[in-house]
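Read through the structure below, which is laid out as structure tokens, and then see the notes.
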Amino acid sequence: MVYLTRIENFNAAHKLYNEAWSFEKNQAEFGKCANANWHGHNYKLEVTVKGKPDKATGYFINAAELSSIIKREITEVLDHKNLNIDIDWLKGVQPTSEMICISIWKQLSPHLEGKCQLHKLKLVETPNIYVEYYGE
Amino acid sequence: MVYLTRIENFNAAHKLYNEAWSFEKNQAEFGKCANANWHGHNYKLEVTVKGKPDKATGYFINAAELSSIIKREITEVLDHKNLNIDIDWLKGVQPTSEMICISIWKQLSPHLEGKCQLHKLKLVETPNIYVEYYGE
Amino acid sequence: MVYLTRIENFNAAHKLYNEAWSFEKNQAEFGKCANANWHGHNYKLEVTVKGKPDKATGYFINAAELSSIIKREITEVLDHKNLNIDIDWLKGVQPTSEMICISIWKQLSPHLEGKCQLHKLKLVETPNIYVEYYGE
Amino acid sequence: MVYLTRIENFNAAHKLYNEAWSFEKNQAEFGKCANANWHGHNYKLEVTVKGKPDKATGYFINAAELSSIIKREITEVLDHKNLNIDIDWLKGVQPTSEMICISIWKQLSPHLEGKCQLHKLKLVETPNIYVEYYGE
Amino acid sequence: MVYLTRIENFNAAHKLYNEAWSFEKNQAEFGKCANANWHGHNYKLEVTVKGKPDKATGYFINAAELSSIIKREITEVLDHKNLNIDIDWLKGVQPTSEMICISIWKQLSPHLEGKCQLHKLKLVETPNIYVEYYGE
Amino acid sequence: MVYLTRIENFNAAHKLYNEAWSFEKNQAEFGKCANANWHGHNYKLEVTVKGKPDKATGYFINAAELSSIIKREITEVLDHKNLNIDIDWLKGVQPTSEMICISIWKQLSPHLEGKCQLHKLKLVETPNIYVEYYGE
């Protein structure tokens, strides 16, 4: 079993805000992340898949094909968007890196079925913060 | 003459949009950067100052003092903000990295007077795009 | 279960030296790392915690709170210090990255109890050497 | 148990090409990676070993000794070479990062026996693609 | 005047070899870089242009347009190629980073005329070696 | 004229302390950098030289030869040392990055005479602080 990781990027706006709470409670919980007019990040997404390489090709999935799927299904969809407003499959989700990562897993994994097994997602929000998710 | 560079960071939302133009012209000129609901970046700001080191201290300005000034006047002001809306001194400025960099120069340089000479600003917008400005 | 990693930094001096050995044996075992007058590093500490995100906040611990704990208990304690001499909880410990990492685990984990589960520590000593520890 | 990782580098040429296939089939499968006159990469190899640190030294293997073994057995052998032609132990292997990584494991692991346990190899082919292998 | 830099990448094979010299003289001068069967690198190209930003757009050239020109004229031409053999405009050129950089300048600058002024090229060959060229 | 940069590294201990001042004045001026028992850094040194490439070799100095000179004269001398105590040519120098950079210029430039012209030194002290020096 070998693990292959492909990295793609997207730049997006978001804020952390719970509509069920008062403005003050949002400020207390989320601090500057609750800024009404949004802020944003250069997100880096690392997609790790696993499989047994074929002897004829030397791989179990072509990294270029994997890149095309990630870009088509995820990063080109999220790029230059507002993660609270613009994305159907993030509606009602608090857009922390933790929750975005879980939502990307649900969105991406069906498109890899029959090709390879999704092993891990890593979402880097700033040079000092990242999250990882293994699907459960 | 020695050049000292201090790096600070901020995360912000913006869009490129000219209110004097039609929606279609904005789309044609700015593409995805014109997304109505904003997008954002992890900005990295490199501030380069120059001077002649003092023998007693080994520097012409303490890097910790330089850091405090940059954070107080610039990066803590811009961090987790919307660059089109939230910042007084960016009002009416198209918030490209080029224009933000020129505006930061105007804002920062008076606070360094009498301490050291501002030589260059470098603003990194994405891992693949940055701008530099020397004050003229 | 999602894994959140927060990165903090500290700069410190150390040397590798076993007082129970002769100077010659120290030289033979540790080479230039045994230099009598110390050397030092920019250490990067990656703290990975795990948990189940709350729907209301989108996380199981606020990354800003995690950062505060790491800085207060670990990186501000170690920053600009001598790891052989200055730190109570490193007394009698050979300050390799391996042993520092194990000691940081003991020091940090009680402060995360009731908030989240400490999963992994990664300590980067140079761009080419790092260690990882999972608590056992 | 602590995990120690040492990073070494090599620069090499390769192409992906299956001699049992037609030129057209190679083009269709491997795209630009099949270019007849080769292309190349700056490869970064991360070698992770595990063990229980000795109290007297603070480690289970000296990182400098680990570095010497990796360089002597792997990276100095592969550096400035053609991975399809020049290396005995890569003969008949399709030189994807996946297969190179598996071959490095076979080549390196006997030289670590009695010193420490090889845990993982990570081979970074470009800033956006890497593979990992755990020996099975 | 503001300086804008756009970064693009290509992966290529090359060797340093002077056909007018004996094998031995090539070995003595170029060492492992003269390996008969080639080696290769992940090259990173930084293109810096300068101009005066337009108030309406906030830039003097759209970074996306600059990226398209660099990719079309340079990096997609060089990517996954052999720099000694495959490129018309590198024929007869010793493919050091120094000479490649000068050749890229000649090739790229006519395509920027009337749009902006080419200021500098930086070509990164390995994490530890890069060259810069200002056109004269 | 082309500019070639070669990067080398060293890890060292230092403190900022002026023996002519009281302990209190040192604390006030240098803060945690004055810690009596030292601290340290992973320093990165970038050496930029300039010249006109020879057509036969494609360079004006072989990057491997430049690397040998830098390592022999500077980085292997400073590596794993105490910059306040261990180095003859830093005696009496306040070991800030500014002053170390000026001292390295004096030490390195005679060894490049007749080979190439030293253009710039860049010394990176932490990921957020670096200095540059052009020899005057």
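Note that the chains take the letters A, B, C, D, E and F in the order they are written out, and that residue 1 is the start of every chain.
Keep in mind that, in the parts below, a contact is a pair of C-beta atoms (placed from the backbone, for glycine too) under 8 Å apart; a residue touches a chain by one contact, two chains touch by 3 or more.
The structure displayed is predicted, hence computed values, not measured ones.
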Co-neighbours of chain F and chain D - touch as defined: C, E
Most remote chain, CA-based centroid, reference being chain E: C
Most distant chain from chain B by Cα centroid: D
Length of the line joining the C-alpha centres of chain A and chain B, rounded to whole Å: 28
Chain A and chain E: spacing of chain centres that average the CA atoms, whole Å: 33
For chain A, residues contacting two or more additional chains: 127
Residue ranges of chain C touching chain F (in the complex, touch as defined): 9, 11-14, 32-33, 35, 37-42, 79-82, 85-86, 126-127
Of chain E, residues touching chain B in the complex: 1-8, 48, 53, 55-60, 62-64, 67
Contacting residues of chain D [partner chain A, same complex]: 16, 18, 20-21, 29-31, 93-99, 101-102, 127-134, 136
